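What follows is a pair of complexes built around subunit A, which joins subunit B in one and subunit C in the other.
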Partner chain A sequence: MDIDDILREFDSQNAPSNSKDYNDLLKWWVNERAAPEILQYQDDLVERIMTRVRRQIEHIEDQTGNLDPRANFQLIIIQTELERVKFLIRSYLRTRISKIDKHALHILSTPALRHLLSPSEQTYLKSHQALLNELYLSSFLKNFPENLRRLDDSAGGISMVEEPDLESAVFLRVVRDLEVNIAVEGGETVEMKAGDVYVIRYSAVQEAVKRGDVELI
Partner chain B sequence: MYGELGNKLVAHAKRTQALSQLPPYQTDIVRQVTREVRDLNQDIDEITNSYEGYFNPSADPARACALLVHHLCVRRNKRCLLAYHRVRAEKIENMCWNGMDVMEQVQAARVAEGDQDDGGSSHALSPEEDEYARQYGDMLAAYKGQWTDIDLTGSLEPPKDLFIDVRVLKDAGEIQTEYGQVNQFKVVLLSSLTLVCSAITLSKNSQFFVRQGDVERLIKQGFLQKLN
Partner chain C sequence: MALPSHHLTPQEVAFICESELITIVPRQRLGSLNLISIDTRPLVPPQRADVPLWLAVFLRKQKRCNIVPPDWMTVDNLERLVREESETSDFSKMPWRWMEVAEILLDTCAEDLISPSDIALHIRSLRELRQAKIRASMPEAINSAYIKINLGLMEICEVQPWVSKVMDGLRKIEGEAGSAAARKRREEGEDEDEDMEEEY
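Right after this comes the complex of A and B.
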């Protein structure tokens, strides 16, 4: 048993929910950044963390008058940590926004995907698309013949709606043992052991990522 | 030649991507491409109408070919127009995210470009884009407003240090720091510091050791320079 094992045991037994949330956030942030499509918004998680962030900010504000060097040093550590958590949340949300912008029409036209968004993201998506439409329309589409004004037709063999490329490759680490069907002739399956690292087509592990059986890296 | 102007637009769009500022809107080309689309569509209508509903492509391959080419050109022009406007819209969005004043940037761009057209006949933004920039800014503010504790437009670089050294490039006036008197403890820790109050006056060429979160925006706007 080396030090990592001991740490892992400690983590799984009595990790305070603080650090578990933090690790979860870290995981979902990496997942979100690595996955080609938009994932489920981690509503509860973000909410819990934001509550704590607010509490920490209050704490800092309370303590700022304190001139005791030790308390001040503690404050620096808390602030540094706070900045990191803020960065994670910020990057997480920005990543989602950039995906929403990229695949806007695809998400809008697929109800299943729309439910993955938080309410405010949905509002953003809708109003942004409305604005873009307005821009195109007033800039040049209004002068177009009626039948050419659509933004989502697929005539000529090219669809105008950009979709995420689910076939792109991702790196992942296996959290729980699982079998993955690889879509080749003969329906091959691969057994993945916890702790293994793979490069694989995203579509093959799409469900596993959502269940949390694997994490992207 | 069909589609030549569309090509020009795409070239402009490509160039825009590499520029830090937004070049003037190509009103003339956009108008001409749109006219080309309308003309082509009229031709298509004329050809199809002359057949009174029934058209057998194999009986008249020349006409069928003309129709096809017209159609393809129309679609291609549309794609070019969309691409051009999309690139510019993205550029505007980026400016909004970076907290830059779009109008101010545009002015700077015109000065940089030498503003060859006298009397400012070419505007960097079309009126439609102006409107878009304004509304996108409003929408962004509404979205950001839900995250009061986190500045979504902040840096996307992971923070390394809580405090950084900055040099002031332009007078930025007085800024309020996030936690007010927090600056006091820096004095305790690092005796070389002179900051003791919740507001700092940033005058040109001075140098400060400040909380990164407090000055991030000013760095982005070019008032401050981060020192390593």
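Right after this comes the complex of A and C.
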């Protein structure tokens, strides 16, 4: 080990390290997958990782002409890793898009939820919904009586707007010790210890997920 | 890529597991790599180094390194764990990703393990003992407001689909018959969270 290695190691301990970013993305990907509602878009995190992805692609393009077998082998590893990271980002974004599609009208009508979306997700939501509305209207809604044309009708006690089921059961792993109020008669509390795994309704741990005290599975 | 399902698939659990670090003994030199998820140190035989599992597997397949199995993956320790597991009704404490790690290591680098067939046998006994416990404890546990279930990630991935489905189903049945509070909540259709704070 020479002085450069020692310095590099020292650096990586200080800056928010690459592996922390990567593990955070893994965590938010799994959270997003498991949570019934849409969570805050991890803007800075995705941006940092995308910058690195772009830099890595440039690096690969620079090196592809290199015929040195050793460099070539390193390039294979770098490319493999790049594909892994790309998979992770794609799956994260697609999970969000599938939720946006599912709860489109609910998100559109709730400003607090709209702020959780990234600018491009907001654009997507609006234009996709506009297209859908237009399609429905031109293909069948136009034949309906005026008072039955709404897509957000709540007549008869049933709302047409699909909302996420916040009471659904989720699996979680505790990161930091905490107490959780369960919403049953008597208002029992559970003391959760770091490392334990629970199954509980999402609404009881909603805030803990956002704070990062627990990780969904 | 298929549309992401609500629960993690076993392949995705394995993907997550492959991001874990594992110790290797390199057989060849390899310069340091600036990867997106980690900057690896130069590999110099025979100095041990920690690399992500996917990289370790990749290097191992090309016979460029040997993998050092984690401490708990020894025959003695696994024998002890199997004994513990069969004696108590609780789940004994296993590493969070024990099943995935064991599976991948037995698959790719059995020669790096000491008596791999015994290890595989014990891993299977552990798995069967624990599965039997899950089946035995669930009927009772599933009706409560929460379940404490200290399993590994892959085990959770196996039980998750039906456990959450049954819990959601039971909740809906209860809700139909349910308390006045629940009915009121449904009718008002308000933010669930605020309601809870008012009630308790």
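Here, the second predicted complex is superposed on the first by the 201 of 217 C-alpha atoms of A that agree within 3 Å, B and C clash if a C-alpha of one lies under 4 Å from a C-alpha of the other, contacts with A are read in each partner's own complex, and residues count from 1 in each chain.
The criterion applied here is as follows: contacts are C-beta pairs under 8 Å (C-beta built on N, C-alpha and C of every residue); 3 or more make two chains touch, one makes a residue touch a chain.
All values derive from a computational prediction rather than experimental measurement.
Who does A:E134 touch here: subunit B (first), subunit C (second), both, or neither?
The answer is first: A:E134 touches subunit B but not subunit C.
Taking the superposition as given, does A:S109 touch the first partner, subunit B, the second, subunit C, both, or neither?
Neither subunit B nor subunit C is touched by A:S109.
For A:Q40, using the defined touch cut-off, is the partner it touches subunit B, subunit C, both, or neither? Pick first, second, both or neither.
In the superposed model, A:Q40 contacts neither subunit B nor subunit C.
Touching A:E167 in the superposition: subunit B (first), subunit C (second), both, neither?
second
Touch check for A:R54: first (subunit B), second (subunit C), both, or neither?
first
Touch test for A:R94: subunit B only (first), subunit C only (second), both, or neither?
both
So, A:Q206: does it touch subunit B (first), subunit C (second), both, or neither?
After superposing on A, A:Q206 lies in contact with subunit C but is clear of subunit B.
In this superposition, which partner touches a larger number of subunit A residues, subunit B or subunit C?
When the residues of subunit A touched by each partner are counted, C comes out ahead.
Does subunit B (first) or subunit C (second) touch A:N23, or do both, or does neither?
Only subunit C is touched by A:N23; subunit B is not.
Considering only touches as defined above, state whether A:R84 meets subunit B (first), subunit C (second), both or neither.
Touch status of A:R84: both partners.
Across the two complexes, find the residues of subunit A that touch subunit B and also touch subunit C.
Common interface on subunit A, subunit B vs subunit C: 53, 73, 80, 84, 87, 90-91, 94.
Where on subunit C is subunit A touching in the complex?
Subunit C reaches subunit A through residues 1, 3-4, 6-8, 12, 15-16, 18-19, 30-39, 41-42, 54-55, 58, 96, 145-151, 153, 156-157, 160, 163-164, 167-168, 171, 179, 187, 189, 192-193, 196, 199-200.
Can you tell me which positions in subunit A touch subunit B when the two form their complex?
My answer: residues 50, 53-54, 57, 60-61, 64-65, 67, 69, 72-73, 75-76, 79-80, 83-84, 86-87, 89-91, 93-94, 101, 120, 123-124, 127-128, 131-132, 134-136, 138-140, 143-145, 148, 151, 155-156.
Can you tell me which positions in subunit B touch subunit A when the two form their complex?
30, 33-35, 37-38, 41, 72, 74-75, 78, 81-82, 85-86, 89, 93, 126, 128-129, 131-132, 135-136, 139, 142-143, 146-147, 149-152, 154-156, 158-159, 161-162, 179-182, 184-185, 188-189, 211-213
So in the complex, the part of subunit A that touches subunit C is made up of which residues?
Subunit A residues touching subunit C: 1, 5, 8-9, 12, 18-19, 21-23, 26, 30, 33-34, 49, 52-53, 56, 59, 70, 73-74, 77-78, 80-82, 84-85, 87, 90-91, 94-95, 98, 157, 159, 165-171, 173, 181-185, 187-188, 190, 196-201, 203-204, 206, 217.
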